[in-house]
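Input: structures, listed below.
Both of the next two complexes hold chain A, though its partner changes from chain B to chain C.
Now for the complex of A and B:
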């Protein structure tokens, strides 16, 4: 267990190095940052000075080495739009993103598991059919359209929730529901299958033969066993959820990392984009690690090797 | 299972029907569309669909902010989505299966290199990579196909890897080896055909994912740039006008969900037909 965690933590810098390298190379081939910094009225002297300052006169591998040495010291360069260090700007936006992702995750997980259990308990009845069909339709739903629909219904027609922005808890409802729909249908269907399989196990038959009530069987015997595949699936879905937050933030003008990143791409603000990619990947790696550790703690059958 | 209420034949029929209709629409868009999707008619701006007040049968589904006919734009919009969806699926299927079979067949260092890379790539959100690359090289149908194709290979690699590893031990492979068959011959003549059913199912379901990703990138402004008629572009335009013209966003969203749902249905039906033992979610 300890070895496993230690090895995983050792791998984090390597993954981050690869990610940063990809982002760096991809964004450097997009064009000359000097033109964007200086605009069209620049003199050749100004261009030459800036080129040297940004080490653009060096070959690409050297540029990357210089960049990495700065990154290790926490310096991701200076943002073009805001004229201040990039990393603190990204970290400022991390709070709202975490808020959104946490809320979306809770809705998706608890909602998905409850609906999945409902399907399994009333298997092949109308409610099962309705919920599963809804889940399959949900898998086909473009979440950005769902967000727009929710705004139309709850903000424009009923006028009970704000259209976009942040501030009160009401602002969180529509974005987090939209985000949760990225992964909730999968949770519903997986929970349903897992529960239906578990109720045929022998220990459930035994429990029923002992005369335990159906509710007790469900929560003491079926739930702890059936929930495991759902929890390990959760780890796989964290990346998807965090990726989905980029789109959700754009729809609802949510001031998070994703919106900052998309905006910076259009502004060609390379330092911010790289810092944002870095933070997003670190978040995904850490959340996957947490899910894996959590899984091995609650289920001794899963041995971490 | 749900089979009793919603059988596999119904699923395949319904889903397949929608997919065939969508593909035909995309191919014959020029003949079906009542108007030129790019022709602007500023006197007929923001006309609602015929069933709501102020709409007329001239423009059955209304017009957008420049007076372009919505129905024609939706019909032409299917082209990019279908093209990108199917082509990027093919690219990632070929890439992933070849790498997966190689890793499973060779084992050792090849396996470690390919599968660890797949694991690393799997933890990186597809949309993030796509956003980065499209931002760098710009949006065009070809770039979208390349980006989505490259970011989707891991599923195929994992499945073909597992299957190749177990197939490799089977007597018919052993027999072929003892006849002196070459590795590549064994892989393509004996191992690959075994995987066709599973790959068909995964590929079909992936087309749905690819279409969703393409429209998402278009929506973020990173797809084929406007004025091109793509469903994602139309949704993004509709978002800015949802107070006055909600039908622009809603009709585009509806087009996306119908096609993606059809593809998903077809995939689920195919899975029940070809691979009945597999779980609901792979």
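Now for the complex of A and C:
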């Protein structure tokens, strides 16, 4: 297991390098940050000075080399729009995003697994049909629409939750529910299928033959075996959730890194975008690693090699 | 497949989860303090005055003042300077307000003016508004309350440019540096900095010793709410008292709701459809005139801008701008006449063309382009709408190829100079060229005689009206909404919040 973790950690810099390179090239070839920052009122001299400062007069591979050399030393460069170092700007926005994603993931996972179990237990009954339909409907609802619908119901009609912003735990409810709806249906359907398959296994029949209570069978024997594919899926969802959080952050005025990233992409503010992509990518890799380790702990059949 | 006993297990579990999730009572407001909360559309990610975008300046000007104050209607009045006069063609003398104190109690003097402007003019420094004042040669302190600004050439727009430049304390600059000033801004403004959460909120406290009198409210919270529908919801829920940039489709909703109202004003942005006059068919002035007749501007204004904003009077400048020519009128909507002129110009069956626009840069920009396209189709001109992203747009600007027609808004901030420059050759943005226009533009820029300048701009507006390098559409509105019990605040034409006298009944 130690070898496995060591090897995975060794691969992190390579993944980050590839991601950084792709982001860098895409940003550079689709727009000129100097033109956008200085605007149409700029003089050619101003443009030339700034281009030289940012090494934009160099060929693209050289630009990337200069950039990556600084990054290795922990310097992601200075944001052109804000005239301040990029990484601190990103890090101060990372906390709210992680909070939102964690809350969304918890709701999606626990809610999804519970509903999925309910479907499996009442397979082919009305509640199964209702929950499955709800899951499919939820999956097809765009989050900006759902978010505004929730604001209308809970903030304007019922007046029990704030519309947007941060401050109290109530502020977290609507955005995290909106975000969770993005992936909860997958958890429901996956758990349902996995449970229905597992209950036909021999050891469940044996357990029942021993006279164990149905509740004990469900939580002691079925759950640990059926939950595996759901957990692997969870690891894969971090990226999707962070992507989805951009829309949720915008609707609910949540001060996360997604919004910072979108604004910076439009400005071709390369240092901020790369710093954000870097941090988000790192978060996804680490969370996948944690899920893998966790999987091997609850299911000893999985050997991490 | 499971027995009835097992079926109840998930229900029990669900009950536990639900019990934990039951919501507590809604949050209670602070009754004793008067807190004004604003829902802003855009936020900078730094409070540094160097950013100099309107969004940044709107926050900066809560804690700072400018020498010359610009008002909601784009007029100018006294700020930290009480008097300014040209000494000669290139020297302006400013008399400063006496007894003004920064938030830390230190007095504001001419040394602060010099320090602020010297920093901006330093070739090494990055400062957004720098290009507005680069014609300043140097700043000289005459005495504690008198400053001379010496310009390289006659510089008539200096006064207006200074209304965008916050005066910052020299002693604080020396003590904490530019980074420190961005972290904890300090100035002479009506509000003191309290807290800044990037992407979320700026919190301010009333400055009791403000030279213009203490503000009416105790605290101000400016929140960034990027989504228009959410901003409107926050106003309806009573969380905010003022919101910026009301989405056009939600205007009726606010108008129909009690306790809230729309507050709109004409901005100084003139929206125009500019044609590439270098190439056929738009090299023919007749064709350009025909397009002006073919577009039903009042209808678009009513439908796409819900009647907010104004019709440009056949010229680039909005009516609140110095240089606006009151004698000009827009061409009426007359598709028959348009067809007839097109036929005379050799296009009896029209032609194919395209309109380049960005999405969300100007109010209803894509909708307006689509409406224009539909109207042009009626006179035989088939115009496709080409929506491009900002980065692509700026590449097209650089390549000087925006397509046959492109939509653009030019702001003037109240002085013709800032907007008229875009129809001159050196701006790099004009396809059309008029020697007389160029000459007049330079004349208006090289004198501090207001009457001469006005005459020049009036003639320039006539030339634009005769030659139609663009179809001049609308003076775009700034659309705000506010709680009806908020007084002492009006919508600004330049999108800068002026909250000093705002008060809740």
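A few remarks follow.
Just so we're on the same page, the second predicted complex is superposed on the first by the 291 of 305 C-alpha atoms of A that agree within 3 Å, B and C clash if a C-alpha of one lies under 4 Å from a C-alpha of the other, contacts with A are read in each partner's own complex, and residues count from 1 in each chain.
Heads up, the rule we're going with is that a residue touches a chain if its C-beta (ideal position, glycine included) is under 8 Å from a C-beta of that chain, and two chains touch if they have at least 3 such contacts.
Bear in mind the structure is a predicted one, so any value in this text is a computation, not a measurement.
Applying the stated clash criterion after superposition on chain A shows that chain B and chain C collide.
Legend: residue contacts after superposition of the two complexes on their common chain; A:266 is shown touching both chain B and chain C.
In the superposition on chain A, A:152 makes contact with both chain B and chain C. Look at A:283: by the touch rule set out above, it reaches neither chain B nor chain C. Of the two partner chains, neither chain B nor chain C is touched by A:226. In the superposed model, A:207 makes contact with neither chain B nor chain C.
By the touch criterion defined above, A:184 lies against neither chain B nor chain C after alignment on the C-alpha atoms of chain A. By the touch criterion defined above, A:251 lies against chain B and chain C together after alignment on the C-alpha atoms of chain A.
In the superposition on chain A, A:117 contacts chain C only, with no contact to chain B.
Look at A:82: by the touch rule set out above, it reaches chain C but stays clear of chain B.
Of all the stretches 22-30, 94-102, 148-156 or 238-246 given for chain B, the clashing one with respect to chain C is 238-246.
When the two complexes are superposed on chain A, the residues of chain A that touch both chain B and chain C are 30, 144, 148, 151-152, 156, 250-251, 266.
Chain contact summary for the complex, chain B toward chain A: residues 1-2, 4-6, 120, 122-129, 131-133, 135-137, 208, 212, 215-216, 219-222, 235, 238-239, 242-243, 246, 249-250, 252-253, 256-257, 260-261, 263-265, 268, 279-281. Looking at the complex, you find that chain A touches chain C at residues 30-32, 35-36, 40-43, 46, 79, 81-84, 89, 92-93, 96, 110, 114, 117-118, 121-123, 144, 148, 151-152, 155-156, 159-166, 168, 170, 173, 199, 213-215, 217-219, 250-253, 255-256, 259-260, 263, 266, 268. If you check the complex, the residues on chain A that touch chain B are 15, 18-19, 22-23, 26-27, 29-30, 124, 128-129, 132-133, 136-137, 139-145, 148-149, 151-152, 156, 186, 189-190, 192-193, 196, 233, 236, 239-240, 242-244, 246-247, 250-251, 261-262, 265-266, 273, 277, 280-281, 284-285, 288. Within the complex, the chain C residues that touch chain A are 1-3, 5-7, 9-10, 13-14, 17, 23-24, 26-27, 44-46, 48, 50-51, 126, 131, 178-179, 182, 197-201, 223-227, 229-230, 233-234, 236-237, 239, 389-392, 394-395, 397-398, 427-429.
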